[in-house]
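Quick heads-up: structures coming right below.
In the two assemblies presented below, chain A is common to both, partnered first by chain B and then by chain C.
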Partner chain A sequence: MKRSTVGPWIAFGLGALYFLIPLIATFEFSLRMRRGTYSFDAYAVVFADPRFQASFSYSVLLALITIVLGVMLVVPTAYFIRLRLPKLAPLVEFITLLPLVIPAIVIVFGYLRLYNSSSWLPFTSNARATDLLLAFGYVTLALPYMYRAVDTGMRAIDVRTLTEAAESLGASWATILFRVIFPNVKVAILSGAFITFAVVMGEFTFASLLDRPAFGPYLQLIGANRAYEPAALAIIAFLVTWACMGLLQLVLAGARVARQR
Partner chain B sequence: MVDAAHPAPLQAPLRDAAPPVVKTAFSWAWLGVTPFFLFALLFLILPTLYLVVGAFMDTEGNFTLDNIVNLFQPTILRAYWISIQISAASAILGALFGFFIAFAVTIGGLPPWIRSTVMTFSGVASNFAGIPLAFAFLATLGRTGLVTALLIYLFDFNIYGSGFNLLSFWGLTLTYLYFQIPLMVLILAPALDGLKKEWREASEILGASSWQYWRYVALPVLWPAICGTTLLLFANAFGAVATAYALTGSSLNIVTILLFAQIRGDVLHDQHLGYALALGMILITGITNGTYIWLRARSERWLR
Partner chain C sequence: MAFLDITGVRKAYGPNTVVHHVDLAIERGEFVSFLGPSGCGKTTTLRMVAGFETPSAGRVVIDGKDVTPLRPNQRNIGMVFQAYALFPNMTVAENVGFGLKVAGKPPAEIAPRVEEMLRLIKLPQLGGRYPYQLSGGQQQRVALARALAIKPKILLLDEPLSALDAKIRVSLREEIRAVQRQLGITTIYVTHDQEEALSMSDRIVVMNEGRIEQIGTPFEIYNFPRTRFVASFVGTLNLLEATVAPGGGRLEIDGQPVIARDGINGAAPGTSLTVALRPEAITITDAGGDRNRLAGTVEEVSFLGSVIRIRVRFRDNAVSLDTFNDPAIAPPERGKPVTVSFAHGDVHVLGAA
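Right after this comes the complex of A and B.
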């Protein structure tokens, strides 16, 4: 018996309307800058704005630093937990879930109090140190995604056999980690990296409260002062998110094909 | 410094598990995970603890419950209450609509390409939050937004004339649904895939109607997953700052906006009351997430 698909089609159709209309409306709004006709003026204004260029590249750089720090932190941890310290797995998993439990605004509030310029670790005393604190904060925010991605990747490969094989060939633990394990969880690292990138590019609370010139605070500033540029920026931000997720799908699909061969 | 900050619980399991494994390999493993625990301590646990402890201290550092008591003043209670209402509304509606969409694309019999499109889009939309989302809804349902203008043009119907305001409870809820529904779809689709075909066939052979199958078989199995994810959505909305801030400025008095203003400029004129405000948020998201994890463990029993 074939069940009717009318209901599912209605659910899908209504969903499509709800999700596409704001995108269409935003795009339409972003073209309205020149009176009486559609134009890409708002985009031209945005791209020509030096603050856009500065804040966008600041956030890109910060996202890359966050990814490198996050990978350096998560991959060895996931490896040693899986191979030698499985007893600690629940504790580590719990810790990596905490950034989803504790609101970001609370975490950054803690940073501001704990690491103020008169504290034992004065991260907020100068701009470079605050940048570093912001990157650490983003590593924290990305921890749930990064750890899950890498841990899933480790589950798919036989960590123990790979390690024993490398050990019997006389490899040191550093060689094992960097030349055996890393290449084998490349796809997992990449998928964690794309999500991290998307998270960092759109983040507002940390950057704003730590007073760093990132993309999020710039968006807020433009939103409060301009009419058409915010719509153009929303479209740009959506495309950045879409690109991250698209690349993620591509990497995962590529890995699936490679495994089938 | 490393020694001083070394988390104490780490040492206990070391003694228990040491004998069967070669000692040197073990110390390497411990060295390998030390940076992680140190990092978590410095950038996650200590900052949070600082606020939690601060919530129970007065300005001289003595223990007090005054900050907690002071939370129960009308302004702060109202902020918590509006936050809870918006989070609950967007979580329940998000779960409801998300369930139908997840159902449609998994076992609803739609073509496979729709499923992959919806899942990819959900991945994007659940990450498309914050300030750009607020911009998108202002361009859609703001006073000069496309839908607002179209409704006036086509039906001579002004939604702002009928009491709607994007910068309000329902406006914010409607906006939050844009990331809540996709999150529900992403989490619930695998659970719906876990429903075994045999269960449906068995109930049909026994003469059950479609309604009876859902009421007595599918929903009881899915219930922990649905409730759990709803709680996750609640916590997700409760901690959100940027969308509300960009959308309403400080006109809507929700607790994250209040805390944001407190961090910026001590609007409560009491640092330690700010810590108590943060503690209240941690408690609310902690309880909802804790229940979520518990419910998820229950749902995994059936949906393997």
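Right after this comes the complex of A and C.
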């Protein structure tokens, strides 16, 4: 018996409309800067704005720093938890979930109290140190995604036996980590990296309260003061995120193909 | 002093002792199997030789050098795992050459050695493949080549054939043994499969509950088991409840007299004893001469191809015996009365029941 697919299609259609109507409306609005005709004037203005370029490249750089720090922190942690301290796994999973539960504003206020210019570790006393603090904050924010991605990748390979095999062949810890473990969880690290990138590009709370010239506060500033440009920016931000997700799919699909070959 | 000396080795996890005081000496070039059921401590003992576990007490000495405090990567051992453990990101050739690369050997030295190893395992054309492109049997051969490429002092194999299907298991175990003989490498082979252990080993170490039950050649282990555990674990064994006959010196099984050449060490009449009989020691056709004879009925007939396994019941006891399949003679029918016979020397008295 062929089951009716009308119900599922209606549900799918409603979901799609819920998602697409605001997007299309925003896009349509962003094209209306010139009276009476559609144009990409708003986009031209945005791209020509030096603050856009500055804040966008600032956030890209910070995202890359966050990814590097996150990978350095998460990969060895996940590896040794799997290998040596599996009992701690639930605790670590809980800790890595905390950033989803604790609002960013609580974390950033904590930072401001702990690391203000009269504290033991005055991270906020100059701009470079504050940048670093912001990157640390982003590592925390991205932790749930990064840890899960990497841990899943490690579950897919037999970490313990591969480690022992490499060890019996004379490999040191560094060799095992860089030549055996890293290459085999590369796809997982990449997927964690793309999500991290998307999270950092759209982050507002940390950057705003730490007063750093990131993309999120710039979006907010334009949104408060201009009419058409915020719509164009929203579309751009959306495309950047989508590009990340698309790349993620590509990488994962590539890995699947490689495994099936 | 032997090539590999395991002296007084013990391993405990908290209050749980999994290996009790193991003493074992293995000569250079010997192929020794650790045989036992799962949880008997055979793998733990192997892992202590490899360095993956640290003994709670005792020492491991390889070629005169105490390796007990050394890490696995300092011991120069080759190890083959049940799960193959090939590096998925490397080709077959890179896998085989990994140990040499780690040791800092120049590529000009690695390439010919890799080639030599691939020829040894008869896969010379597969150097460029990735592990996922190989069958399980091929992967395990590559794992063997990888372990041997570094010219280890000792080769350790941890149930290497368990994940493979029966046919490949048999051909691969012959291949492993041939390679081992060719290189003359001292080898420890862990298995729970008695057929594997019996067919491959110079000596077998039968383990149970963290202790060595018996060490001996396959011939000794199979024919002269020293404990009840060894007797029952190695081969198929008939265990029969016997009582010492009135007057002593003889046994009775279900009221029928049986003589054991070993003797019964002056056990008092009426004492219950367990005796063991190998299926191949029992015949259903009367061979004549001075043998034990027991009358019973055919309870079950299993046709196994070249062999027919027949189960004969006496009263409380029953035995299984094997006869070769002869197309000219039909197998006995169930329920038919038969008399089985076996030599006095084939009755092993295992002690009080």
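Here is the rule we use: the second predicted complex is superposed on the first by the 261 of 261 C-alpha atoms of A that agree within 3 Å, B and C clash if a C-alpha of one lies under 4 Å from a C-alpha of the other, contacts with A are read in each partner's own complex, and residues count from 1 in each chain.
FYI, contacts are C-beta pairs under 8 Å (C-beta built on N, C-alpha and C of every residue); 3 or more make two chains touch, one makes a residue touch a chain.
Everything quoted here is computed from the prediction, not taken from an experiment.
Trainee: Just from the overlay, do chain B and chain C fit on chain A, or is there a clash?
Mentor: The answer is fit.
Trainee: Answer with first, second, both or neither: which of chain B and chain C does A:A142 touch in the superposed model?
Mentor: After superposing on A, A:A142 lies clear of both chain B and chain C.
Trainee: Who does A:P183 touch here: chain B (first), chain C (second), both, or neither?
Mentor: second
Trainee: In the combined three-chain arrangement, what's the angle at chain A toward chain B and chain C (CA centres, steps of 10°)?
Mentor: 90
Trainee: Could you look at A:G15 and tell me whether it touches chain B, chain C, both or neither (first, second, both, neither)?
Mentor: First partner only, chain B.
Trainee: Between chain B and chain C, point out the one touching more chain A residues.
Mentor: If we count touched residues of chain A for both partners, the winner is B.
Trainee: Mind working out whether A:L169 is in touch with chain B, chain C, both or neither, as first, second, both or neither?
Mentor: second
Trainee: Now for A:F204: first (chain B), second (chain C), both, or neither, which partner does it touch?
Mentor: first
Trainee: For A:T161 in the superposed arrangement: first (chain B), second (chain C), both or neither?
Mentor: second
Trainee: If you take every C-alpha pair with one atom in chain B and one in chain C, what is the shortest distance in Å after superposing?
Mentor: It comes out at 5 Å between the closest C-alpha atoms.
Trainee: Flag every residue of chain C that touches chain A in the complex, lowest number first.
Mentor: Where chain C meets chain A, its residues are 50-52, 71-79, 81, 83, 85-89, 98-99, 102-103, 132-133, 143, 146-147, 150, 156.
Trainee: Note which residues of chain A are touching chain C in the complex, please.
Mentor: So the residues of chain A touching chain C come out as 157-158, 161-162, 164-172, 175, 179-180, 183-184, 186, 259, 261.
Trainee: Within their complex, state which residues of chain A touch chain B.
Mentor: Interface residues on the chain A side: 2-3, 5, 7-9, 11-12, 14-15, 18-19, 21-26, 28-30, 73-74, 76-77, 79-81, 83-85, 87-88, 91-92, 95, 97-114, 121, 136-137, 139-140, 143, 173, 195, 198-199, 202-205, 209, 216, 219-220, 223-224, 230-231, 233-234, 237-238, 241-242, 244-246, 248-249.
Trainee: Tell me, which parts of chain B touch chain A in their complex?
Mentor: Going by the criterion above, the answer is residues 9, 13, 16-17, 21, 25-26, 28-30, 32-33, 35-37, 39-40, 42-51, 54, 97, 100-101, 103-105, 108-110, 114, 118, 120-121, 123-125, 127-140, 145-147, 177-178, 181, 210, 235, 238-239, 241-242, 245-246, 249, 256, 259-260, 263-264, 274, 278, 281-282, 285-286, 289, 293.
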